[in-house]
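Below is one structure, written out as structure tokens, with a few remarks after it.
Chain nomenclature is as follows: A, B and C, assigned in order of appearance, with residue numbering initiated at 1 for each chain independently.
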């Protein structure tokens, strides 16, 4: 498969600076690219790579000056443009299941929309509804009275427990468990008694959930993942957590019970959030941060316990300089001792 | 479904302060409750919510004074009482598999107790025994010569490897893997050779294990989870770990190989424990703490490396105040310089 | 099953110091051993256990002096020797699936080598090839056009997405997901648009991957796990990560997108590595360390942000001593105040 730069530029509303008839045969990252590939530059930090890359053409933002013999296509959003190009180059590589596999076990009263595809060994219990064009891969389990929206894609070996609601255009990757019991016990004389977890989970439209994620059902009410929120692999979302729209939850994050996360929030990798807290809209929690108190909207926090990033940076710089501080204090102590000696000497001379 | 306050009070041995004939139509958390709901107050920190909640009635402890127009039911343990009420309100919502599904594959010599339920596409290998009233959901795999106790509940897509012992009244949530090989290699000239993991796993009675947990089999002997211990989602328990009875292991905790955890221990979320350590009975390891040394019984540790909580708090407060300390030291240095100048001046005046 | 010490010594090229005709009936850890067991001592830290253990014989290194009445077998590598002994004692305990189970669903064009074993309810899509003597357990899914090498062992409920390459003699434990989409989005006006993840995953020969691990496919190109690398449970490996040969990735580690890890690297438990970094060959990242910058070869780093271990230790010691430092500074301040008072007094006396 090959395209001219001109064809590519048309696809992304780009402006060519170079040979419009050059043939592009593949797509690649700027570091890994070979001759014939097109690549892109979104992060100015990689600017020096324009010269080093073996790619034949580079998508850049509108403000990049051409300092290379390579062809450039300038466009508004190089990442998005490049995503379009990657799609246009991708062969039809993902062959999803089609139709209802004869080994799929569907309860008699399950309601299936048009063009639903269900792979082998899928189990769909009673009272479930699955809307049009949704695709479910092999070995997935959908518990009773769950509702799955349209054009949703659920990969293999997923477990969705009873009475879960999943929106439309949702993607759930393999091994993920939605709706397992929340972790709730009441301890009487040291023995832990299970508190019934009678609530549900509600996954909004356009959510993506990574592989081997766990999203627990609520104790009562529901655990909610807002529309458009994207969740990476191995994330833990406890009972009664409510996440707003269009948030980003990166891999291995843990969110404890009954915490509310706003809209457009980012929780970076391996961060943790304690229970019963609120994180305001648009706030960013840095990687590995541990949030122990509620956080207002539109700030960045980092560290453990998490603090406003500027404070955390100052504290962290202070920590890194500690060995120096000990030296300084030791020197000051010596000087004071010298002063004291001098004074005592002066006094004893006087006396 | 609706109940009078009187009916509810009888259920929980409670004392009504309000209208005994009021109708309750649902249960809810104190923040989320609507008119007609009953809720509960266990944590005194939420006391101000008694006025704010929209609930029609509130379960409280015996010592709460009534400061609201809402109805109150006082009882000994509001959490436990509320759990009972939730159960009494819950419709028969969880419909477990019943009987042996024709697609379940059972080895000829597998021994099943009375009223065992096995869902579709379950695989039970040779030599397995499953005791009375145990329920196994779709897609779960039970390796050869494993033994499962009575009234145990194993959800979908669980993998239990060979020769594992699971007690009675155990709950294992979806996606969990029990008995995978311990992570053991001996490195010779930089190449890692696998050490056979010939041991097993033994899960005691009344244990609950969350979703996507991993509990490795022992190198030899056995990895042990004590009776009544509760394990949250995405926890890692390495080979030869021994956990005592009635401990609580919160989500995303990792316990390294051959570590022994006592009875009634709590490991809070995202904590880690290094290998070959001992944690004494009743000890609490705070969230995100990293335990690098053995810990005696009945203390609370936090931080990384984990220290007694009071020490860790003092150290942490010291860290947070570091920028101030730097200021203080800078001022002291300046004062010393001034003293030195003054003294030098004095001396030069004398000389 | 029983062996004489003489038989055992021959097996491991060991030198007996004790009764060569003594009968050994089992193997065990040094702490857990009973009479009749053989055990081993590899870590000098456990030397005092030689006296305490109930084992009847102990494998040690060549340099251990006999200070006990128990029998000792000295050998070059006690761990490896003991592994051999454990294997020799182990009954044929793991009974792998044999042949192609009639419920396995194999695409018509799937190519199977000699003596391949495929368990019940396995799904193998079109274009897949599986080489000689590979074993696949129940419920595992292999997506289209994936290639699996020889003598590879894939346990139950694993998901391998399309176009993945898995080498020979690889072991993949239950619940692991290989080839799920990388976590890549481009945000336009606060809404996250999915970037196609068109790349693949390539797992080298002799790799072992633990349970419930996630290894994402590349955005383009491929995510690579080098030959001989061993990965523990619940590890997250993001899109476009490249790991060299014979590295060790311990449980719950997370590696962010496009990071390159060298050969012979160790990432200890719960460590995290940010994206687009390089970690040099032979480097060790300590447990719970958070790597935020690239690291050269052959050093040990720890802490967060990760620093050379000696620096981190110095910084950490400084942190632990902070309360003392505050005391010191307070005392210095007092002394300076006294000096100032004394001087002021002197001055006022003079004036």
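FYI, a residue touches a chain if its C-beta (ideal position, glycine included) is under 8 Å from a C-beta of that chain, and two chains touch if they have at least 3 such contacts.
These numbers were taken from a predicted model, which means no experiment stands behind them.
Touching chain B and chain C together: A. Taken over every residue number at the interface, the positions common to chain A and chain B amount to under half, indicating a different-residue contact.
In terms of their C-alpha centroids, the spacing between chain A and chain B amounts to 24 Å.
Counting partners per residue, chain A has 121, 139, 157, 175, 212, 234, 252, 319, 322, 325, 329, 332, 336, 339 as the residues that reach two or more other chains. Residues of chain B that touch chain C in their complex: 105, 121, 123, 125-126, 139, 141, 144-145, 157, 159, 161-163, 175-177, 180-181, 183, 185-186, 188, 190-196, 198, 212-214, 216, 219-221, 234, 236, 238, 240, 252, 254, 256, 258, 272, 274, 290, 304-305, 307, 314-315, 318-319, 321-322, 325, 328-329, 332, 335-336, 339, 342. Listed in rising order, the residues of chain B touching chain A in the complex are 27-29, 32, 77, 79-80, 83, 86-87, 89-90, 93-95, 103, 119-121, 137-139, 155-157, 171, 173-175, 208, 210-212, 228, 230, 232-234, 246, 248, 250-252, 264, 269-270, 287-288, 316, 319-320, 322-323, 325-326, 329, 332-333, 336, 339-340, 343.
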